[in-house]
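Letters are used for the chains, namely A, B and C, taken in the order the chains are written, and counting of residues starts over at 1 for each.
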Amino acid sequence: MKLDATEEQQMIQAMAREFAETAIRPVAAEIDREGRFPHETVKRMGELGLMGVAIPEPWGGSGADTVAYVLALEEIAKACGSHAAIMSVNNSLYCDPVYKFGTDAQRERFLRPAAAGHALGGFALSEPQAGSDARNQQTLAVRDGGHYVLNGRKQFVTNGREAAFVLVFCATDRAKAHRGITALVVEKGTTGFLVPKTEDKLGIRASDTAELVFEDCRVPTANRLGEEGMGFKIALATLDGGRVGIAAQAVGLAAGAFERSVAYARERKSFGVAIGQHQMVQWMLADMATAIDGARLLTLRAAGLKDKGRPYTTAAAMAKLFAAETAMKVTTDAVQVHGGYGFIKDYEVERYFRDAKITQIYEGTSQIQKLVIARAVLGGTE
Amino acid sequence: MANAFWCIVEDDRRGAPKKVMAEVIGEAARVSSGQAEAVWLTDTATEAGLTQLAEWGATKVWLLENAALAPYRGEIWVGAAAELAAKERPKAIFAPVTSRAREFVARLAARLGVGLAADCVAFAMEGDRLVATRPVYAGKLLAKVTWAKTPWVATLRPNVFRPAEARPGRTATVERPTAATAAAQMRFVERREEVSTGLPELTEAEIVLSGGRGMKGPEHYVILEDMARVIGAAVGASRAAVDAGWRPHRFQIGQTGRTISPKLYMGFGVSGAIQHLAGMRTSKVIVAVNKDAEAPIFKIADYGIVADLFEVVPELTKEFKKLLEK
Amino acid sequence: MKILVAVKQVPDTATQVKISADPRAIDTTGITWIVSPYDEFAVEEALRIKEKRGQGEVVAVSLGPERVKEALRSCLAMGCDRAIHLNDPAWNDADTLVTSKALAAVVKQEAPQLLLCGRQAIDDDMGAVAAQLAELLGWPCASWIMEEAIDGDGKTVRTARQVEGGLEVFDLPLPAVLTAQKGLNEPRYPTLRGIMGAKKKEIRDVKAADLGWAPEPPQLSVVTLEALPPRPPGRILQGDVPTAVKELVRSLREEAKAI
């Protein structure tokens, strides 16, 4: 078993770390406070190739792999959870399925700009009545000549307002239940595609989470990804990859909070010694370090399996579950290590704590991951 | 003379040697037991300048006075100095760390095929060899180095060595060798003066005030400049402040800025990152003012005040004024 | 236009350096190595010249052990076209002069129009190699440049070099040596594509024999490395601001005699 990153993977990680440290970290507190989408840094991430890491070069991507992607994403998340959310959705939930399921003409039109970082992509699956229960799609697309006429409402769409392209899942044949779900790329500016609301959130506040409404929105059939009825399969396959990304984001958030806790424990004195000299703090830091390493290894394993083309649904679910739980636990403890200072905004850990919560929820809650894992354990299909 | 320690003269471009030459001549004379000689490449030397060099202890002044020597161009200086060195065979060639000397002596060493030790902070004779001490690795370590053969070429960090006292009445022979000057390769276009702050040059100042991230913005540096005028100090900045665009880069103290070694360094709102320490660690007395009691700069400070610099600076300026008016 | 950039791999500033069992060298275990920051300015400037002129070749060159390939690889990732690695134990004890001579031999082989270096490497801080290269090559040299502009036909370069109190502007005929000062530019990050493409670019190993190199002893050598003498412990001045300030001024005057 080999755990060493290749020279390229190390260089990508180092570049992402330096960029995150010098360009993202200085703005992280401010954009969080203001709930402001970081256009400038996201544009630079695109120029650096961070928005289409594992997409082949001919389609605007960087031609690296999933391992490089999770290494880079962890570094971005270490500096700012919002940037990581924006990056992970564009890479995993938009570019990945369009590359995998799109025709060359679709890749040219819908993938290249997003992978090259010129435009953002989004992924619209959740609905007011269909979160974890994604089979229950209420958004309806009715065929009308060369178009689908789309009607419905999508919720919690990351990059929803900013995205030039949104991969929208909708029912084309209600009778077939989840086999009647279809994936359409809907372009920003299409008549009847409305963004009425951006959510005010607990964490990842600088990422854009929007509600989308479709009112007789006419989408060309040429924008359909795969065949009619393939949507659910595309969504599930995409979420497997997305979960690896969220795991990396969670590891980064945990690692960022941990690094600050270590620095604080070395500096801050109580009872005449640095608090890091107290055993109770040492125990917390040791637990944090161990959990983070475990989460990171699970994440890298899932990424490695994906790169090798081997089944990784269960590995992705385990990575996402463990990393998200770790992020929540570690950031909670990080606030504790900081004491009263952890609770105020002068120190960054409270932001990590708020940002971590979403990793237990989106792209499949921790409970859903357990369901996926349990199914595999009890002899499911992979 | 084969035992001479040459001191390359840094001048003010108006015919007078700079004060740092007292340090170079002083150290050269100390190490060589009084065999310091000045070598002055210039377009204009003044009598007063020549006297000054003698009073600092130069026993001889080699004056290469030629219009082609200003402004400094390596290809011209090296030819002239190398020719003289080949004839006179000095034992060592010292120069202060200045913009032109650091390039010039490196080229000269290459021409003469000898070693160069740059930015030295101490010298000692060990038997018949000279050992120089110089900071390396961002000032985290000191390297002692020595030469395979003479002349021993070195540059000296300003403000580190004890300056020679000017003793009126000391005289020096002035030699005016005719050195061939090579054809110039570089064509001088213009000199752009910096907007003068009216304060001393950072690398030459005996007292340096430095403002870091705690200054909060470019508009606040005026309070340091006010204090600087009272005590005759230069004002510098940390990398954080320069990178934030508060001060031009020429004021940056640290690894990617200027290395300073003043008698007194006072940091205000400077945290003391390794990269900053690399540029001021050899300061003789270090004062730190920072709100954050855990700021690393307190670890190397001789005196520290844990307080808001915006309260301390005006108070300190007031006290300095009182003291100096006495 | 062909541009050669000489770079040095150095320990990251933040890395702790310890003296090894051999007191003349540092212990290299656990050190993070980077391209010396000033050399990155030089690489960036070379790439900008090439981009501005729309053609040309940028070649990174470095002397040092096998690990130096990583530094060269990051220059390639930034956009250099190829790299040359002077990689031979014959140069293990190289001082600035030996390094300059070896690099000069490569420069003669490659015959670039411009040689760019950083103003100094941040490990030894000697700042000599570029000037010595200029001397050995007989090329003009402008040190600590803050700006440069090459004329249209590529015959001369106008540079502004930082000196005490201002900038001196010179025209240099090419070929010439320039050393980069901070402020010249803001180095780019390597893009992911640049990183992925770096492996396909050539890093040519050059041995001493390839340059017809006769072994040459260094002219300057390290006798020993020493830790810094500890500074005497400092004193935090107590009391309210006026009290602490009064005590500071008194101490500076009476104890430290610094004012």
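In this section, a contact is a pair of C-beta atoms (placed from the backbone, for glycine too) under 8 Å apart; a residue touches a chain by one contact, two chains touch by 3 or more.
Every value quoted in this text rests on a predicted model; they were computed, and no experiment measured them.
Peer 1: Mind having a look at which chain is the central one, using mean CA positions?
Peer 2: So the chain nearest the centre of the shown protein is C.
Peer 1: Counting C-beta pairs in contact, which chain pair ranks first?
Peer 2: B-C
Peer 1: What's the farthest chain from chain B if centres are computed as the mean of the Cα atoms?
Peer 2: A
Peer 1: Averaging only over C-alpha atoms, locate the centres of chain A and chain B and give their separation in whole Å.
Peer 2: One centre to the other, that is 54 Å.
Peer 1: What is the distance in Å between the mean C-alpha positions of chain B and chain C?
Peer 2: 21
Peer 1: Can you give the whole-Å distance between the Cα centres of chain A and chain C?
Peer 2: 40
Peer 1: Write out the stretch or stretches of chain C touching chain A in their complex.
Peer 2: Those residues of chain C that touch chain A are 70, 73-74, 77, 189-193, 195-196, 198-199.
Peer 1: Which part of chain B faces chain C closely enough to touch in the complex?
Peer 2: Residues in contact with chain C: 71, 73-75, 78, 98-100, 102-104, 106-111, 113-119, 131, 134-149, 185-194, 196, 201, 203-204, 207, 231, 249-250, 252, 255-257, 263-264, 274-275, 278, 281, 284-287, 293, 298-308, 311-312, 315-316, 319-320, 323.
Peer 1: Going by the contact rule at the top, pick out the chain A residues touching chain C in the complex.
Peer 2: Contacts found on chain A: 7-8, 11-12, 15, 18-19, 47-50, 53, 57, 62-64, 68, 72.
Peer 1: Please name which positions on chain C make contact with chain B in the complex.
Peer 2: Contact set of chain C toward chain B: 11, 13-14, 16-17, 19, 26, 37-38, 95-97, 100, 122-128, 131-132, 134-136, 139-144, 158, 160-173, 182-183, 217-228, 231-232, 234-237, 241-242, 244-246, 248-249, 251-253, 256, 258-259.
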